[in-house]
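Common to both upcoming complexes is chain A, partnered first by chain B, then by chain C.
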Partner chain A sequence: MSVTVDVAVVGAGPAGLAAAVAAAEAGARVAVVDAGNQPGGQFWRHAPETVQRQAADVQADGHGHHGWNTYLDLRARFDAAQHAGRITYLPGLQVWMAERSEDGFVLRTTPAVASAGAAPVTVTADRLVLCPGGYDRQLPVPGWDLPGVLAAGGIQAFIKANGVLPGKRFVIAGTGPFLLPVAAGIAEAGGKVLAVLESSAPSAWLPHLAAASGVPGKALEGAEYAAAFARHRIPYRTRSIVTEVLGSDRASGVRTARVDPAGRVRPGTERVYGDVDVVGFGWGFTPQMELPVSLGVETRLDADGSLVGVVDDRQQSSVPGLYLAGEVTGVGGATLAVLEGLAAGAAAARPDPGVPVKPPAAIARHRRFAQAMHQAHPVPAAWQDWLTPDTTVCRCEEVTAGDITEAREDLGARDVRSLKSFTRAGMGWCQGRVCGFAAACLGAGPGEAPGAGSLAGSAKRPLAAPVGIGELAALDG
Partner chain B sequence: MNPQPVTITFDGRPLTAAAGQSVGAALASQGVTAWRSTRKGGRPRGLFCGIGVCFDCLVTVDGETNQRACLVEVCEGMEVEGS
Partner chain C sequence: MNFGNGPRGSDVLVMGAGVIGAATAYFAAQQGLSVTVLDKGLPASGTSSACEGNILVSDKELGPELELTRYSLGVWHNDLAEHKKLWEFESKGGIIVASRESSLASLNRVMAVQKGFGVDVEELDQAALREAEPHISPEALGGASYREDCQVQPMLVAAHLVRLATEAGARFIADTPVTGFMRDGGRVTGVRTPRGDFPAGAVVNCTGTWAGELAAMAGVEVPVLPRRGFVMVTEPLPPMVHHKVYAAEYIDNVGSSDAGLQASPVVEGTPSGTILIGSTRERVGFDRTVSTAALGLLARNATALFPFLERVKAIRHYHGFRPYCPDHLPVIGHDDRAPGLWHAAGHEGAGIGLSAGTGKLLAQALAGLTPDLDLTPFAPARFGEARPQTASREEATA
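Our next item is the complex of A and B:
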């Protein structure tokens, strides 16, 4: 099947929903491709709508969500535009290849779940808005490949979608404000959070930063989490890390330590938490950059060290007709993503306004807040010291930290692409999505952070999603 | 919210899940945390990223190999196999 529209939107999370609604309401014919089975993305992930529900359930879905009324508003407008024939909604499909054509873009898709029965669709569009979002950034640590270790966002997604917990006794570790809602969500769902370990020391940052940046809503969120932590007696330990996940065939505990501001372990501060069945890690987020990179957009390093796309005041990338919104322009959360999505969708619908466009001031405020947040929660400079030579870095191909440092020292492999060819790190099923940042750091060397070139090498994936031979064979021309 | 229970099989064993749950959630909430072994080290794997990015949780669903357990929704009679 193929669909031809004015504007194609990839992703139906906060940015994608907003972009689709804005473009459709400005008069464009829009197609929305999303890997999920229902709108919302990761942030507004909710119980499956396929299960018979009542009106009260839709409100209940909002429990634990921020900006749920924004979602309900965007969703109502999205559904209305779909009924009016302005939006063609293509759920359950992943884009495996995006190409520029003579006068626009072509997206080739494949079902996210083979058994779900969604047929591949080719989407042709004059303009394209990419809103692929992001996922938890990971730093390897001994034992992180044991079952029972989950991405922090994976735990949250599990609870939001399934209404149950993936275990009983949790330790959450890493850095960033996102650890707070994850831990609060676990406790609200009845789980025991033994500790939240934050590698930085963001003492009382949130209210001040939020006020200084002009986004008071963030201070309210912070106060809510503080209340939840107090109510559930969740210990929040700053300048603390998990140095090892304990267990033989599944996680059963963690060894922790206090660290100095650079992330070096302070001797004598080790401590063991036993009887843990789920360990959640999150070190900020990695924007999903493979589609923007494959289309050749100009990129830069953001304050959190992530590779992101450069956009102008109308969210347009360096590629004419290609707009970016949400985490791929810089990790900044859902409120910012919605604002960017609205701007991108409106601009993509009317590519030639004839007058300069002033971006909403709120976008600038939220970007400032995000920058401050990133600076308060850096990836610890000394994190590579936590590894042992036999620590798995690439989970797919089972490549260890020792394999990678050897390739760096003996073979001069300092960027992700060389490391990949010498060690196979990043060559497995996930194509380096999980280990790409860590491998890039290891290639750069102890205490070093990777440059944009190395990260772009990691994000350069010939296929943006695994695809069957049949779909490759069906390519015409 | 009380979704209907459905019965699936995991490696031939019957397992009760809630309608709409993911295969990964159905397994994990029954205490099954690993359902795959790695090729090189034979190490156990189950859910990790939980959102379809990492491919650690691959299972065979009704004969279709390499499906992400975190994305596939259970349905009555579904046959799930580890590897």
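Our next item is the complex of A and C:
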């Protein structure tokens, strides 16, 4: 099947929903391709919608969600545009390849892993808005490959989608404000959070409060989480990390330590938490860059060390007709993603407005806040010291930190591409989505952060999603 | 690894640290020559990192290339035996499968000739073929088994040969593109780079698809052209494909100069569980655009050979540019048109397999010995006279 529209939107999370609504309301014919089976993305993931459900149920799904009213508003407009025939909604599909054509873009899709039997669709569009979001950034530590170790966002998604917990007793570790809603969500759902370990320190926030003051809503969120932590007696330990996940065939505990501002372990501060069945790690987010990179957009390193796309005031990338919104322009959360989505959708619908368009001031404020947040919650410079030579870095291909050090020191590997060649790190099922950042750091050397070139090498995935060979065989010449 | 400068002169300067340059440097160092290797990036950044790592006898035409193949196979098995594990050397064997009566007849003819030249090939009837490859298509009529076909991980070959060469005294300098040649009269006496000049007794052009450009800089024509190939990689699976399995049409394609898209299935399992599906051949210059036509063709051919692949997912694909000469022979040896300049390039899709032999033979010639195998059929001068030098004459600076 194929669909031809004015504007194609990839993703139906906060940015994608907003972009689709804005483009459709500006008069464009829109197609939305999304891996999920219903709109919302990771952020507004909720229980499966069925025809029997009432409006009250959907309201109730909002429990534990931030900005649920924003979702309901966007969703109502999305549904209205869909009924009016202005939005073609293509759920359960992943884009495995995006191509530039003579006068636009072509998207090739494949059924998503958890899709409810969607058939592949080819989407042709004059303009393209990419809102693929991001996923939890992971750093390896000894034992992180044991069952029972999850991404912090994975725990949250599990709760949102299933309404139940993936375990009983949790330790959450990493850095960033995202650890707070994850821990609060676990506690609200009846789980026990033994500790939240934050490698940074609240005092790190102080110099950046000025920037934050432009976004009062964020302070309110923080206060809500503080209240939830007090209510559930969740210990919040700063300048603390998990140095090792303990357990033989699955996670059963963690060893923790206090660290200095660079992330170096302070001797004598080690401590063991036993009787843990789920360990959640979150070190910020990695924007999902394979589609923007494959289409050749100009990229840059953001304040959190992630590779992101460069956009202008109207969210247009360096590729004419290609707009980016949400985490791929810099990790900044759902509110910013919605604002960017609205701007991108409107711009894609009317590529030439005739008059200069000023971006909403709120976008700039939220970006400043996000920058401050990234600076307050850096990946600790000394994190590579936490590894032992036999710590697994690439779980798919079972490549250890020692293998990578050897490739760097003996064979001259120094970026993701050469590491991949020499060690197979990032060659497996996940194609480096989990280990890419860590491998890039290890390739750069102890205490070093990877450059944009190395991260772009990691984000370069000629198949943006796994695709059936039977489907490829059916491609017409 | 030595990335430093030090004294700049050497007996041999190798341009390019792909698998050919790495093997040349390794064997030249074994000959006791002082060696400098320059690469514009890292080892194995070009075609060596974008191929399948084949060491094949089965696809060679009779003549000088088969001779070189058999010689090279001996070098892999003998001279380099102790290092096999470093580059995951695997004697997996190749099987050519015929699915039509007509192609079975051609295959049988080829086999008879190859046997006469000492190639280790065995005919497989339908039952034997199914025993060797239980998941082969029920359409397959029969095949030929080439036990000498083997495989290496080519990036590891290049990187380790460079490392071993440096341990034997060679010097490797990364990120150093050659921008011109030092000349003394007609003679090439070294190279110019952004890091300064590197004088050398012999300069060896091992720059693969770029070899023509470098040769032109020295005023000689070496027509090495790129021929694009796509390879697809599946999700990891339990062992389903045990050999390198080709369709009988493969042999016809290799020798073709047709510019259009061609492909015949080459399907093989790897130690990591993924299955490689190759390979297309297109003359489209250095076009890096992903071609859905090429992917579709690969998929159709592969599923015709192994129907189970239809239900398997591809997780990535890659493409590379095979460096080929119009007469489908590599160019190996001293360039009499520009004394001091040597070439080892244009091995097309066979560069990994031929690298060991090429390196060893060239090192013998560089050391002033008579090579074990006559290199005349590969001589650079077969491409005609030297052109007037484009660059002004430059004096050697020691």
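Here is the rule we use: the second predicted complex is superposed on the first by the 461 of 477 C-alpha atoms of A that agree within 3 Å, B and C clash if a C-alpha of one lies under 4 Å from a C-alpha of the other, contacts with A are read in each partner's own complex, and residues count from 1 in each chain.
Here is the rule we use: a residue touches a chain if its C-beta (ideal position, glycine included) is under 8 Å from a C-beta of that chain, and two chains touch if they have at least 3 such contacts.
This structure is a prediction, so every number in the text was calculated from the model and none was measured.
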Review point. Chain B versus chain C on the shared chain A, clash or fit?
Key: fit
Check your understanding: In the superposed arrangement, does A:A413 touch chain B (first), chain C (second), both or neither?
Key -> second
**Study point:** First (chain B), second (chain C), both or neither touched by A:A151
**Key:** first
Review point. For A:W429, is the partner it touches chain B (first), chain C (second), both, or none of the two (neither)?
Key: both
Practice item. Please work out whether A:L463 is in contact with chain B alone, chain C alone, both, or neither, and reply first, second, both or neither. Key: second
Review point. Touching A:A473, do we find chain B (first), chain C (second), both, or neither?
Key: second
Review point. Once the shared chain is lined up, is A:R250 touching chain B (first), chain C (second), both, or neither of them?
Key: first
Revision key, fill the gap. Of chain B and chain C, the partner touching more residues of chain A is B
Review point. Which of the two partners, first being chain B and second being chain C, lies in contact with A:D313: first, second, both, or neither?
Key: neither
**Study point:** Three-chain overlay, closest Cα atoms of chain B and chain C, distance in Å
**Key:** 8
Practice item. Find the residues of chain A that appear in the contact set with chain B and again in the contact set with chain C. Key: 396-397, 428-429, 466
Check your understanding: Contact residues on chain B for chain A in the complex?
Key -> 1, 3-4, 18-22, 24-25, 28-29, 33-34, 38-41, 43-56, 58, 61-62, 64, 66-68, 70-73
Review point. In the complex of these two chains, what residues of chain C are touching chain A?
Key: 1, 3, 42-45, 49, 155-156, 159-160, 162-163, 172, 174, 232, 234-236, 272, 274, 277, 290, 292-293, 295-300, 302-303, 309-318
Point to revise | Of chain A, residues touching chain B in the complex | key: 35, 37, 42, 47-48, 50-51, 53, 57, 60, 112-116, 135-136, 145-151, 153-155, 157-158, 161-167, 249-250, 395-398, 428-430, 433-434, 466
Check your understanding: Where on chain A is chain C touching in the complex?
Key -> 97, 99, 108, 396-397, 410-414, 417-418, 421-422, 424, 427-429, 431, 461-463, 466-470, 472-477
